[in-house]
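So that you can tell them apart, the chains are marked A, B, C and D in the order they are listed, and the count of residues begins at 1 in each.
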Amino acid sequence: MSSVLPGQFAMVWIPGINELPMSVMIAQESGKAAFTVRKHGPASTGLFNVKVGQQIGVRGPYGNSFDLKQGKLLLVGGGTGLVPMMRLLTHIKPNDDVTVLIGAKSKNEVFFEDLANNLLKNNPHRVIVTTDDGTYGEKGFVTSMVEKLVNEINFDGIYTCGPEIMMYKTVQLAHSRGLFVQASLERMMKCGVGICGSCCVGEDLVCKDGTVFDGDHLISNKEFGRFHRNKAGILENY
Amino acid sequence: MEPSLVTSIGKIQLERPVMLASGILGISLDVFNRLYRSGAGAVVSKSLSTEPWDGYPNPTIFGINGGGWINAVGLSNPGAPNFAKMIEPNKDVPIIISLVGSIPEDFSTMVEQFKNSKVIAYELNLSCPHVAKVGLEVGDDPELVKKIVSTVKNSTNVPVIAKVGLGTTHYLNTVSAAIDSGIDAITAINTIRAIAIDVETQRPILSNKFGGLSGTPIKPIALRCVYEISSKYDIPIIGCGGISTWEDALEFILAGASAIQIGSAIGDNWIHVFNDINKGILQYMKRKGYSKIDEMIGLAKKS
Amino acid sequence: MEPSLVTSIGKIQLERPVMLASGILGISLDVFNRLYRSGAGAVVSKSLSTEPWDGYPNPTIFGINGGGWINAVGLSNPGAPNFAKMIEPNKDVPIIISLVGSIPEDFSTMVEQFKNSKVIAYELNLSCPHVAKVGLEVGDDPELVKKIVSTVKNSTNVPVIAKVGLGTTHYLNTVSAAIDSGIDAITAINTIRAIAIDVETQRPILSNKFGGLSGTPIKPIALRCVYEISSKYDIPIIGCGGISTWEDALEFILAGASAIQIGSAIGDNWIHVFNDINKGILQYMKRKGYSKIDEMIGLAKKS
Amino acid sequence: MSSVLPGQFAMVWIPGINELPMSVMIAQESGKAAFTVRKHGPASTGLFNVKVGQQIGVRGPYGNSFDLKQGKLLLVGGGTGLVPMMRLLTHIKPNDDVTVLIGAKSKNEVFFEDLANNLLKNNPHRVIVTTDDGTYGEKGFVTSMVEKLVNEINFDGIYTCGPEIMMYKTVQLAHSRGLFVQASLERMMKCGVGICGSCCVGEDLVCKDGTVFDGDHLISNKEFGRFHRNKAGILENY
């Protein structure tokens, strides 16, 4: 798991509770991997409550990974979508000029800012945090900051992971300016390997064709940014 | 002359003999289109119920080291009405609608809901091994099967297929009951009831404990069923279970199947499997001098 | 303290929980000795009939690409009298005699013939899927099973095991019939009816056409049966079917088996498989802090 | 199959008829293999009658192979037991001094004499044929010739395949003189892979432990040279 590529995920089994798709987080110790879990519903809470020594099951890694360009890069992440962004940072080249945008609702939901700065310490870089309520960093939606940046800078590659609306706007902004952009999508996952179909977005299967898709491709996908499917497979609006 | 892959399952005619099995990638019309473009002769929907079902919590699918899968998805599905609405725009794809239910009326209600959809056949799932009151619990009761098949046959002119599996009674009795009631074809087989236990945590892996075994492990058993059905009854058969190569597909055709379905192999080799099998069958036909699929159906029973 | 591998299947006590399954290398006392030395806790003989049987012509066994075997040996065996004579010199090896027949008297006659042999148990083969009038055709008839078990139980004080498999009726009815008639333990399962077809020559490969599927493909199904039996009945169980690693063996024990049998894995990994499994179980017991096999039996049902 | 080692065998399926164990014969064309079949009962006759272009099934190779010594070698073959002997000849070293003994009942059953001479043309060698009835070569049992030779020559390795009585005597003669000897055994075979048990000789399984056994080992096997098992597994005298 320690050699997982950015964008790939694992299926994490919390015995007796559930099994969830999780991005694979970088770990301090080399040769190891980690997960970053956000306590949300019963399953993630179950994972959150796992005690040291208790066994969980991990299968994977599954899915494709980001196509990392060189030069001026922009990473846009929100929530646990920052996890693959952090892993991406471990793959950049020494001369890349990297901008990391971290979006959060509020101050207490901001994380990984220090980690990002640390991972980038040998690169020209800046880490910008936005909060919707302005309690930390720049005030406003992270996508307003994206708009501002793409108007100023001709990025060689833009990468995003996080809430779908954020990714949707980021892809639109980048794509309309002809910039290379990729997003890592999240959908309901059961098998993780292209059998069950629960992760479909239009004709794409996130677990198998993704999680990373090119902006070019996403722009023509009728479901991206608009719908996701629930456990029964019914389309729901975002 | 190039041999033809066209095959007839009774009144159902397909351009190619390899179709998508029910429950595999089967909830979205866009995906159906894609699979059709990548070589599937038809696609079978996820088994639909009258109401939407969430299915079981994860883990719902477990990949066996060395081959095969065990799943207990729990027949999660958006429900027949939602599904019917979703496939309304369909023009091109030969779609077979799989239905699951407990009583005859469940099935006839759903058939009614698809009246205005382009559906080439219905497949009655009489064989899901891991959901109570539907699937095998229905298929294991030949009297109930008779009622369901008659009811559905009376509600539609579209061909109706019964999908059977290995349950607690003899599956050939289910086949026979379905034939007596006018079924148009048989799909054999569904997954086989199974379990997997994690020795570290000492518990069944799937949230439902029991699931259905699919993929390469069940191929010789599925093939046996096709051979047995075709030896005993004069009914078109769709072979299903563990097919992943063109040789597998041909084994089923030689055993008496008019067409075949692919499920788990997609998890193993992704959707290229359709065209790989189509190509392999074509090459075999050329090499052996066959011009139509029909010429090969059931040949292994002659020896 | 070193954990102990000793296990009890009801009144049958074994030094080690892994035994040789019936029909595998099972016709010579010298070979039994060798297998015992290489780690088997007991050996089960080839299923014996009242008279010698030649079995079917070759091909009788077919190895599946990707794992598993299909066999229709046709229960070839030297007959109970010859076999009884052959094992007379036996002193050391815990031998279980497997018997096959059509009527209760077949079984009681044979038991009589082993009166003077060192036999730790009889295993009634009620589940061979490829020979007419014996095996599954018997096991599928719970009334006949009752008569056979009662007759055998009346003819001997040695423990009697019934070996069941998946046939045309519900195997749990066979289990229940055997228990009602006083059976001491259940072995689950035998091979599963299957077929393989050669696409080049377009014919079934085995001379008998149908055979029984064994090896890794059937493990999840066999494990399910053990779990189902142990969940429903209070009877010692011997797990069999596709076991090839210590993890497999433990899955069966956790599902409720008191001991396990190994067949096909010998064809895959040779007879080292016994000791490999013994060692693996021991290490697991040490790591998890168990001292006896008994402590682990059925744990997976608690969750 | 062309790289099969001497002593190994294949299971040959004659569709609709039977499947038989067969030693793999060398072929003229490199990269190919052949079978030499003796028309005997129904199965071998079926194989014999296979027409060009008709398909047969072949699985294997199975079993172990001869442990080929260097120096003065003696090969003792009879009937189709000569097949592995011919393959053995393709593995000898340039300096080996090789004696090939071919035993037959009568002149019309002698074969492979020319082939043996040909395979040995670059080695010091002799090929001796014996016939029981004296219609060709030396008159008498091949084992009398073996006795004569082992009394004269201190062979570095003796290899035998053919009728069991021939092998039994050869092993005894060699073993009693402390010479290294190996025999390739034939037994009823069903699976060929150590499952069915039909090929057992005492505690040995010919398909898995053999076909080749050391004389040392065979001498203590109570069944070798005395009994074989029929299709039902009943011991029968040779």
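Here is the rule we go by: contacts are C-beta pairs under 8 Å (C-beta built on N, C-alpha and C of every residue); 3 or more make two chains touch, one makes a residue touch a chain.
If you want to know which protein each chain is, UniProt gives these names: A, D = Oxidoreductase FAD/NAD(P)-binding domain protein; B, C = Dihydroorotate dehydrogenase.
For clarity, every value in this text was computed on a predicted model and none was experimentally measured.
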(Q) Roughly how far is subunit B (Dihydroorotate dehydrogenase) from subunit C (Dihydroorotate dehydrogenase), centre to centre by C-alpha average, rounded to an integer in Å? (A) 33
Q) Rounded to the nearest whole Å, what is the centre-to-centre distance of subunit A and subunit B (Dihydroorotate dehydrogenase), using the mean of the C-alpha atoms as each centre? A) 36
Q) How many angstrom between the C-alpha centroids of subunit D and subunit B (Dihydroorotate dehydrogenase)? A) 52
(Q) Distance between subunit A and subunit D based on Cα centroids, please, to the nearest Å. (A) 67
**Q.** Multi-chain contact residues (two or more partners), subunit D
**A.** 15-16
(Q) I need the residues of subunit B (Dihydroorotate dehydrogenase) touching at least two other chains; which ones are they? (A) 201, 203, 303
(Q) Tell me the shape of the graph of touching chains, choosing from line, ring, star, complete and other. (A) line
Q | Chain-to-chain touches, reported pairwise for every pair that qualifies | A | A-B, B-C, C-D
Q: Please name which positions on subunit C (Dihydroorotate dehydrogenase) make contact with subunit D in the complex.
A: 23-28, 30-31, 33-34, 46, 52-55, 57-61, 63, 69, 71, 73, 76-79, 82, 86, 198, 200-201, 203, 205, 207, 263-264, 266-267, 270-271
Q. Which part of subunit C (Dihydroorotate dehydrogenase) faces subunit B (Dihydroorotate dehydrogenase) closely enough to touch in the complex?
A. 64, 66-68, 70, 166, 168-170, 172, 192-197, 199, 201-204, 209-210, 213, 216-218, 220-221, 223-224, 227, 247, 250-251, 254-255, 284, 299-300, 302-303
Q | subunit B (Dihydroorotate dehydrogenase)-facing residues of subunit A, complex | A | 11, 13, 15-20, 43, 55, 57, 59, 190-198, 200, 202-203, 205, 208, 222, 229-235
